[in-house]
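Chain IDs A, B, C and D follow the sequence of writing; residue 1 opens each chain.
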Amino acid sequence: MNTNDTLIPHIGVVTDIRIDTPDVKTFRVEAPEGGKVFEHMPGQCAMLSIPGVGEAMFSITSSPTNKEFMEFSIKKCGCLTNWLHAMDVGQMITIRGPYGNAFPVETELKGKDLLFIAGGIGLAPLRSVINYVRDKRENYGSIQVIYGSRSKDDLVDYKEILDEWMTDDGVEVDLTIDNAQEGWDGHVGFVPNYVKELNPSTNKTVLVCGPPIMIKFTLAGLKELGFTETQVYTTMELRMKCGVGKCGRCNIGNKYVCKDGPVFRYDQLGELPDEY
Amino acid sequence: MQEAMINKAKQLLADGTVSRVIGWKRGEFAYDITPAVFETAEELEKDFVFDDFTSANVSKYLVKESKKEGKVLVFLKPCDTYSLNQLTKEHRVDRDNIYVVGIPGGPKLDIEKIKAKGITGITSVKNDNFTLKIETLYGEETMPFYEAVLDKCASCKSKKHVTYDELIGEDGDTLESNRFDMVEQLENMTSQERYDFWRSELSKCIRCNACRNVCPACTCENCVFDNPASGIDNKAPADSFEENMFHIIRAFHVAGRCTDCGECSRVCPQHIPLHLLNRKFIKDINSLYGEYQAGADTTSRAPLTDYTADDCEASIVHERGVE
Amino acid sequence: MQVNDNKEFQPLIVAFCCNWCSYAGADLSGTNRLNYPTNVKIIRVPCSCRVNPMFILRAFQKGADGVILCGCHPGDCHYTSGNYFTRRRMTLLFSMLDFLGIERDRTRVEWVSAAEGAKFAATMNEFTEAVKKLGPNRRLEDLRCRKQ
Amino acid sequence: MLRISADKIYELLGAASAAQTVYIPSEREDGEAEFKKYESGMKLTNRLNTLRSAKDFFFPQTEDLVEFKVDGKNIEISDVRKESEDFIIFGVRPCDARSFTILDKVYLVEPVDSFYKNRRDHGTVVTMACSRPAETCFCQTFGIDPTAPEGDCSVWNDGSYYYFKSNTDKGQKFIDSVTSLLEESDTAELDKSIEKTKEVMKKLPLANLSTENFGGDKLNEYFSSDKWAELSESCLGCGTCTFVCPTCQCYDIKDFNTGHGIKRYRCWDSCMYSDFTKMAHGNPRLTQLERFRQRFMHKLVYFPANNNGEFGCVGCGRCLSKCPISMNIVKVMKALEVK
């Protein structure tokens, strides 16, 4: 038995832990001998696990153009993520992947003006794409990022947004938080409303990710503004165990989110039964 | 009987006493009967069935159904009324929202026992004066009625309805049952023999959870075996230990609450005699803490939530019977 | 690897001790320098009543050869009645284990007060001997946990 | 065709089991049949089929995937996979034989499941044509001919003889290994007995059940059908149907702490269970209705959509006889069917 099996993981070492928000940390993962454990495309996911604690699917938040390491922005919300939040640098984890499709950065999205809309931890999968297109700037049109969170403290990657994205030419970043707070002079309000206020040009291609309720209202708002369903991409999550469309958990209609997703164009999503 | 039940149900639906009826629905074959909720006279006419195969205890459905709008009519066999009483006692059902019509009990038939005789292709089963006349695709077969009786009916403990709003037919009495015979037989074996017996039975377990899910005493909102934090939420018995553990814990969780309705053994696809575990607890409780029949009333304290200062010590286990 | 057959079997005993009486009793037996086997692993519980059947089974699963539960004497429970419930529960559980063919001498309940250091040590010695006679737990073990 | 007289079949099984493990359907004390390792003295069952399906041979209920040693911050992974030994499953019914090709469509597509493939590569499936189908049989519905079984080697029994025909190299190897016991003969007797079986098949109560109204393109018709509420009403949410089903293939992956390491294993799981899709932020299939619907939609609509119209059911009838409340795919199909 010397064939590889995708269910048998690799070892990854956590080489850096960044505290993003009170409940989100970003973990840097490298192979024990240095470098990345495997290559991926923006939007793909990986199965991270602590043996004996659990295994779960996380989107890879670093860009494939980063050749040294992978990053995962993880919100504390369950058994495994609590454990991950409590660990220190140097901890080994197991990692397998990459799983799923990716945002079509090399095909449909090429040459397009891009609008990223994210809410809360929903920035994690989009950050991979944003940094990818920033690194391959010549292949894409304008970039606009609309990002909102509960409060200023809950904005993931705030430092990177301020220091890198906002200083980039041709990248427009619009931030919003749910409620007014001291030390915040930016926009206050929910993402879907902010999108409508900003009234982005309808020739942009939209990539949206966030809590289901935010996605729902954002999509409705975009439709009002004149966007069509084929212009909008989103990324999904369901419970997963295998990552390769066999264990049956993330099945919606004839699609498996782990294999056929997690990235779906909105019109494709509409063809699936409403069970996510 | 079926006719009388349908008429009763139609009458109670028509006069507005109830808005729904829980009963049994006819299937594809002679024996595959599904518990169902009927809402109209037409549905009752078409599909309601009561015969030798309507053995399912429908009282557990009342946990859900009694909380819905409108009163629900339920037909309960004597054994099923014990389950309902126990559920009432544990505040799992809204008894005021239930209209119980007591109906005569079994003995009901076990299709598996007929099939175990090698009879296949069954198209109809008729009881002709306690001989079963079984029509099959390969000709007619016969077998004695009592050889096909469900285990739970063969050791019936009571023909008495312990709760009802109305009865169809006469009420019966509690019976001298032989239900502890097999438990006693096992108790008289050596420890090694008992171990071998249970190993051969429990090793068949596929952890389908049918015993748990059908059990009227298992009504926890979130079962310990489904709770990832319990550490025992396994979906399959990965080791012989887990087979033992699952059934010990399950029986323990219903000890003193199990009315001995026998549904666990009836639904077990592997024919594991699970009721023996429950009966062992019942027998122990009866002999150590005084006769107790779960579901016989709605007020008494359950044996495991009760005590007396002069209860026997646990060492009694070491002192009696065969090693 | 050479297997040392001469090495005498030392059973692993798990002792659940209630915080108020038996744990203090164990403590006392220690301060009195009384001997009991080192293979007795004490798990302190707030009351003997805290021990649910799963604890006992889990101990066997993870390698215990015998499980003993110690609590306050009946009538002396810190919480008035905890040990009375324990008594019924454990009687039924042990009876069930016996019914399944698990050797009955692998389980025991003993009431040990805070003043009974000597009784604690004697109970542990005696229980360990009884379990030793039975040999390793094979009927209620999880094969996955057996050390190779 | 090659044949052996019925009284010599155990001689043949004995010869075959000298070279590799042979499993045969045999009866237990309770009258149910199950596959057991053949040893001399054992008898083939008279029951039509085994209680549990034959999928266990390739997709066992639990199997170890990988082991970990955890030491402080370090983790060591050890691959516990072992090359399976060759084995023969004798007497697989045509429905179960078809179930393997359905499982193949899940486990042998990229990325190939090496655990499944390992067993599949080493197992020889010797099928047995049916001669006494039961009332619960509906394999015809899914295009299976119970008198012409698939598998590596097909066997027919006309009462006096067992006839053998190989379909693959593995099947031929099996026949070669027992060839000295077989004699060449015509099939006149066998053909007669097959004709008789075909007559019975026409009379089966479910003979007219058809799939023509189901398939990958029927998602919208059936997903929002108002029949689901009624059908799922009495479902207990147990996993009996799933676990006796030859084609159900969902699994769970779990870790077990042995005290000296972590075993990661997988085991069968059921979409009927309430926690199947439960995650930290909620559960997309909240009630039994959704879970119940998922199981049948998957077999009748989703699976065919992904597999050129092939259905995820083989009509073995196990769920018909084992469901505690007798709710099953046949009742679902009949209730749903829109013309």
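Going forward, contacts are C-beta pairs under 8 Å (C-beta built on N, C-alpha and C of every residue); 3 or more make two chains touch, one makes a residue touch a chain.
What you see is a predicted model, and the numbers here were worked out from it, not measured in a lab.
Trainee: If we define chain centres by averaging CA atoms, which chain lands farthest from chain D? Would you check?
Mentor: Chain C.
Trainee: Determine the chain that sits nearest the middle of the structure, using the mean of its CA atoms as its centre.
Mentor: Central by C-alpha mean position: chain D.
Trainee: How far is the middle of chain B from the middle of chain D, if each middle is the mean of its Cα atoms, in Å?
Mentor: The answer is 30 Å.
Trainee: Take the average of all CA coordinates in chain B, do the same for chain C, and state the distance between these two points in whole angstrom.
Mentor: 36
Trainee: If you average the CA atoms of chain C and of chain D, how many Å lie between those two points?
Mentor: Averaging C-alpha atoms per chain gives centres 46 Å apart.
Trainee: Can you give the whole-Å distance between the Cα centres of chain A and chain B?
Mentor: 51
Trainee: What parts of chain B, by residue number, touch at least two of the other chains?
Mentor: Within chain B, the residues that touch at least two other chains are 228, 238.
Trainee: Scan chain D for residues touching two or more other chains and write them down.
Mentor: Answer for chain D, listing residues that touch two or more other chains: 252, 256, 269.
Trainee: Could you check chain C for residues that touch two or more other chains and list them?
Mentor: 142, 144
Trainee: Write out the stretch or stretches of chain D touching chain A in their complex.
Mentor: 65-66, 68, 70, 73-75, 77, 79, 81-83, 106-107, 111-115, 118, 216, 219, 223, 249-253, 255, 257, 262, 264, 266, 269, 271, 276-281, 284-285, 290, 294, 297-298, 301-303, 305-306
Trainee: Would you pull the chain B residues touching chain C in the complex into a rising list?
Mentor: It comes out as residues 183, 186-187, 191-199, 224, 230-232, 238-242, 244-245, 248-249, 251-252, 255, 277, 280-281, 284-285, 288-289, 303-309, 311-318, 321, 323.
Trainee: Considering the complex alone, what residue numbers of chain C touch chain B?
Mentor: For this pair, the touching residues of chain C are 53-54, 57-58, 60-61, 74-75, 81, 84-85, 87-105, 107-109, 139-144.
Trainee: Where on chain C is chain D touching in the complex?
Mentor: Of all residues in chain C, those touching chain D are 62-63, 142, 144-145, 147.
Trainee: Which of the residues in chain B end up touching chain D in this complex?
Mentor: Residues of chain B touching chain D: 27-29, 31-37, 56, 61, 111-112, 115-118, 120-123, 136-138, 206-210, 212-214, 226, 228, 233-238, 266-267, 269-271.
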